[in-house]
Amino acid sequence: MDLSFSEADQRFRDEIRTWLAENLPAEMAKKVAAGDELGKADLEHWHALLNEKGWLAGGWPTEFGGAGWNPVQRYIFEEECCRVHAPRIVPFGINMLGPVLIAFGNQQQKDYYLPRILNGDDWWCQGYSEPGAGSDLASLRTKAERDGDHYVINGQKTWTTLGQHANRIFCLVRTSAEGKRQEGISFILVDLDTPGIEMRPIRLIEGGHEVNEVFFSDVRVPAENLVGEENQGWTIAKYLLEHERTNIAGVGYSQEAFGKLRGLAQKLKRDGKPLAENAMFATRMANVECALEAMRLTNLRMLMEAQARGDAGSAPSMLKIKGTQIRQEINDLARRAMGPAAAPFPSELVAANIPHPAPADHSRSAHSYFNNRKLSIFGGSNEIQREILAKQMLGG
Amino acid sequence: MDFQPSETRRMLADSITRTLAKQCDYERRRAVAYEEPFHDPALWDALAELGVTGALLGEDKGGFGGEGFDIATVFEAMGGALCPEPMLGQLMGLSVLADAGADCEAALAGEERLALAMGEPGGGSGLEPPETRARQADGGWRLDGRKSVVWGGGSAHRLIVSAAHESGMGLFSVRAEDAAVAPYAMIDGGGAAEVSLDDCPAECLIADGQAALDRAVARGQLALCAEAVGVMDHVQGLLAEYLRTRKQFGVPLSKFQVLRHRLIDLCVELEQARSITLKAADALDRAEGTRAVSMAKALVGQAARQWSEEAIQLHGGIGMTWEAPVSHYAKRLVMIDHQLGDSLWHLERVAEAYKAA
Amino acid sequence: MDLSFSEADQRFRDEIRTWLAENLPAEMAKKVAAGDELGKADLEHWHALLNEKGWLAGGWPTEFGGAGWNPVQRYIFEEECCRVHAPRIVPFGINMLGPVLIAFGNQQQKDYYLPRILNGDDWWCQGYSEPGAGSDLASLRTKAERDGDHYVINGQKTWTTLGQHANRIFCLVRTSAEGKRQEGISFILVDLDTPGIEMRPIRLIEGGHEVNEVFFSDVRVPAENLVGEENQGWTIAKYLLEHERTNIAGVGYSQEAFGKLRGLAQKLKRDGKPLAENAMFATRMANVECALEAMRLTNLRMLMEAQARGDAGSAPSMLKIKGTQIRQEINDLARRAMGPAAAPFPSELVAANIPHPAPADHSRSAHSYFNNRKLSIFGGSNEIQREILAKQMLGG
Amino acid sequence: MDFQPSETRRMLADSITRTLAKQCDYERRRAVAYEEPFHDPALWDALAELGVTGALLGEDKGGFGGEGFDIATVFEAMGGALCPEPMLGQLMGLSVLADAGADCEAALAGEERLALAMGEPGGGSGLEPPETRARQADGGWRLDGRKSVVWGGGSAHRLIVSAAHESGMGLFSVRAEDAAVAPYAMIDGGGAAEVSLDDCPAECLIADGQAALDRAVARGQLALCAEAVGVMDHVQGLLAEYLRTRKQFGVPLSKFQVLRHRLIDLCVELEQARSITLKAADALDRAEGTRAVSMAKALVGQAARQWSEEAIQLHGGIGMTWEAPVSHYAKRLVMIDHQLGDSLWHLERVAEAYKAA
């Protein structure tokens, strides 16, 4: 039993830390720290910096241009990035499609698409969810019918995150109505320039534009864009979801958020003394800090187990449930700390050049709180995660 | 003992609800609540016409209501439609004017809109003693300072401002055009403003203003509790309807035991919130009023957070969208706890009684 | 809208209060206040005192020897009794069987049994639950087969509270295997002296003997002991459960417990200052006081509605859920307040004459906490209550 | 980084578990834990034989363990069988003896049983400074006072007593036969005692005893966390088995979604409790040890309450009975939070760090 990182891991951490200190643009870190949305240019710039260093795709094998890191290294990388408020890597190409192509793509697809992901030539988005399907992914109805060398796609996808920046989308489509629902699904790559595609923004609860709906009307896609075999898509979908869940616990993000909260509670006064000395507030902070510290170890324990076993098992479900509870509780405390000053619509004060009534770098506390209610819903709601765990423990 | 509302109050509630159904439906509310002036002057006038503003003061002050139950009636009905009209400022402003023996007529008729400028920058509870200073000059008063997150501040004709002066804390009347008022939308809709007072002319309403301010704030706290009850009551309908109609894995959500039980837990909290708000309304003007109001705000604040988070969660992705009415109701429920003391603040006040052995 | 009690109610309250001040034996009140179990003699003595005054069966119509009180009066009576630590009225005869006989019994049964309940000639206990049935009452299997003028009963009942003091038991038995499970059930009265009955104690978690198992082997019961018609028992059972739920919110008991807690928190010191001034402890107290005060009004609101409508509807389920949560939270705080001194097995210190390490009248705090875990289980678990409410709101 | 227990510790855990399975099954445990002497001397000897007592100190002190992970190994295994042996007193007593440089041999071999007499009457946390007084007389020391709820006090040969003297707080050794010891069972089984010291002869172990006491207490707190993890782990098995086999309304309880989800929430908390206990074990003897142990005890205390209450509730009436093993496990889980500071006490200590800006 040894809870400290190995010397090699420590050196790895130092290397990451040094590089970040020298290369992360200060303006970018400031925006991330304040919870501002980053524009496309910022994100592409960050990807380019990481790619130049060879660290953009930490989890890909080196032969494909990745860094070939193991899960613990990837955890350390995330922790260090969060510590200094580096932007989050946009996951759709790097953490979702990349691993899928590496595992299921043909040589041509790997050769063509993987470098484009790393170079930033392509910005991918995800076409999984559909309106009306919710957590029941297998009920999807978007159809792809074979017509000569093409598939013709009709239907609708939704919750497509950052689709407004993307030039390509990977989709789950129904290619057969036979057999079990899961058996007629295929995984296909679509150029968003193809005629018949329309992308419409969905505005979220806090007012931001982060997700989209995508409509397909007779969209003709070359058959070579199919990944894997026709009707093999469900296997790929599950593989992708598994990879989507890397670092699903979000420990680094929660640590970053907790650090900010702690600073805020020391800065703000309530009834004449720092909020951090208000017993009730401080106790709730202590409670979530205990949970977060435990989560950090739970996460590492499960990473090590997964690494030893070669399979994450049900760990991601557990990490997602508790990880999102912790982040949401920190968000709750941060917006609560602001009192009435949490209320102003964040963009309005900035636009009108009105000085914010409270620490300006926390002006988006309520905004983040509402936006992060998504954490327990998207990517398989916490109720679905409980079902996954219960099935494993108690059976159907 | 009688839990039935009086005929007058029932009629007032009905007419507010009918008016809001017509003039403040979901679409209209979304259009109005986030765009300057962050409310609908025509709706304001219609509500005043119905007697809503008049119901906020008692007959001895020129109104025809003014009791806790009147205030609760008005705000619960407004909460049901998520009405963004700046009635909270009107309520608290009128309370101060009446205590000052000032002329309330225009405000009672709704012709003059009031806002209470109390909180200041720095991110406290908004209930701390003011740092804004008042001084006498040229036979009048001048104010210097900044007031923050003044609800309805952008649409008010008159601001009631708390400020420290040589011998205590006073309440002052400031004409909106004399102050620098910067209005903005709040995240849950409706408007607030930052108010800069720079050698600003003012009229002193009450030189020793703490008691009047406390009364006004207690009325506001009660109003917020009642509003939250109205909001939760509406969300209860939305949620039950959603669970009954939305299908997942081929069956309506209402068949999933986990969701059923969570809805029931919410309903229990709603009934509790309703009860404690009645209690606060009843006790408002009695000695135990302050504690009763804090009990209500503490319980309602927690129930409201639970309702908000669960309403979003049980709606799934839909609940996360601006398009869905439930998301705006959910935001309001959380943000009510940011006004006039949150549940922690009020629990502390409730707990003070335990100290005296 | 008027939340104060009417003048008549106030006078009623004064009358109760005065009588209690003059008649409740001080020794008895002291035991109740300390959470000690009362013996049979104490309970019978208290019943006799109340019966003499005509207040034992507050809810029965006056023609049967009851007080004919309305629900609000019964609420006031309970509140006053709790305030001065009067013993709880043993409910099995008064609040369960009595109302059943009044509604469903024949003249002979009413004439014979009702006075005996009031006089203390009979101590009834309840034969509803069966091992393995849990909350699924209708699955009961204890059989009563007709044999001439008798029914012959075989089977087993459980959770029979205070059965050790009883001379009679009312039972739900299966008299038919036809049709729906609910349709073959009858309600029958059994003399515990009848040969073939054996009662065995069940020791509860905290060590007390409060409930029992009852075994029936060829127990011959006169057919005239049937209440209502054969196979009509389910209707009676539901009627009884409804009456069992009178004052199910237990507001008076919670108020009494909260008052004790408040005193305790002022008496005990933690880290040099009264526990009542520990912000975290005081906040939890404040939280439960708010809930209790709300519950008091929720209870009264629902009582008034039930009175107006002549039917309690689903209110008892709601009152039970929240009422038990409140009582259990108060119990939790009370045992927590005691720190390590909550640990001694209550009877042992007394028996060994060892002075208790903390206020002796609170020595049973942990005992009460564990015993009252039953509140959310017995009499229809809180899960069952949620199902009842959900069925009403959302359907099946 | 390596989360696998060492071979030695794994073997120790296995042999404790095997021994307890034979000598401390449910029946035997119930018979022993509530009847004087509230433990089983034969089992004590067997555990000592296995090396359990020896594992509580490091090699430099004559033992062969003594690290946080050794302590956690022993107590987690004992928790799994709800073992009532007074090992907590042995652990804390040995820690003091070792710090005092006193002879530990008999205690390490298990031949001498120790108890730490720290708490006093009055109902505090048990961690307050002692009012028991020590004074020098006739070349030795004499103690006066009363020690309360001394775990394992009835079966101890030697009591380690905290007492105030002229120049501070010291730790003293008292032979059990020199004090008036009144033993009793605890509600969750196992024994404790009230100890009256009336001009009681004592040997001074450490005159300035605060640091040694803090170290002993931190070890005890870690032990309780590990014990709780062992208890919860066992209850997890009981609960899953019960849900799978018990039927209601014709179907196994494991089919009810509400019960399924509640079990999963419990499992998540158990994993969290396991993790934070590892963290505390790892940090025990480092500077951050105190805070790490408090984080663990705070989290574990809350998880344990939730496990206890849910385990009873999900078992229904069965869970309320003395006959069912689960009820005794549930009691222990709650009562662990009454020892060496409850979750509120520890959260306060965790929160202290926020003050230093």
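In order of appearance the chains are A, B, C and D, and numbering begins at 1 in each one.
Heads up, the rule we're going with is that a contact is a pair of C-beta atoms (placed from the backbone, for glycine too) under 8 Å apart; a residue touches a chain by one contact, two chains touch by 3 or more.
It should be emphasised that the depicted structure is a prediction, and the values quoted were computed from it without experimental measurement.
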Quick check: more C-beta contact pairs in B-C or C-D? C-D
By CA centroid distance, what chain is farthest from subunit D? B
Between subunit A and subunit D, tell me the centre distance in angstrom, where each centre is the average of that chain's C-alpha atoms. 42
Report the inter-centroid distance (CA atoms only) between subunit C and subunit D in whole Å. 37
Measure off the straight-line distance from the CA centroid of subunit B to the CA centroid of subunit D, and report it in whole Å. 51
Which subunit A residues sit where two or more other chains touch them? 278-280, 283, 383, 386
If a residue has to touch 2 or more other chains to count, which residues of subunit D qualify? 257-258, 261, 344, 347-348
Name, in rising order, each residue of subunit D that touches subunit B in their complex. 256-258, 261
Given the complex, residues on subunit A that touch subunit C span 278-280, 283
Okay, in this complex, where on subunit C does subunit B touch? 1-6, 9, 72, 262, 265-266, 274, 276-277, 279, 282-283, 285-287, 289-291, 293-298, 300-301, 304-305, 318, 321-322, 383, 386-387, 389-390, 393-396
Of all residues in subunit C, those that touch subunit D in their complex: 129, 132, 134-136, 139, 158-159, 202-207, 267-272, 278, 280-281, 328, 332, 335-346, 348-349, 352, 354-355, 357-359, 362, 366-367, 369-370, 373-374, 376-378, 381-383, 386
In their complex, what parts of subunit D are in touch with subunit A? 1-6, 9, 69, 240, 243-244, 254, 257, 260-261, 263-265, 267-268, 271-276, 278-279, 281-282, 295-296, 298-299, 302, 344, 347-348, 350-351, 354-355, 357
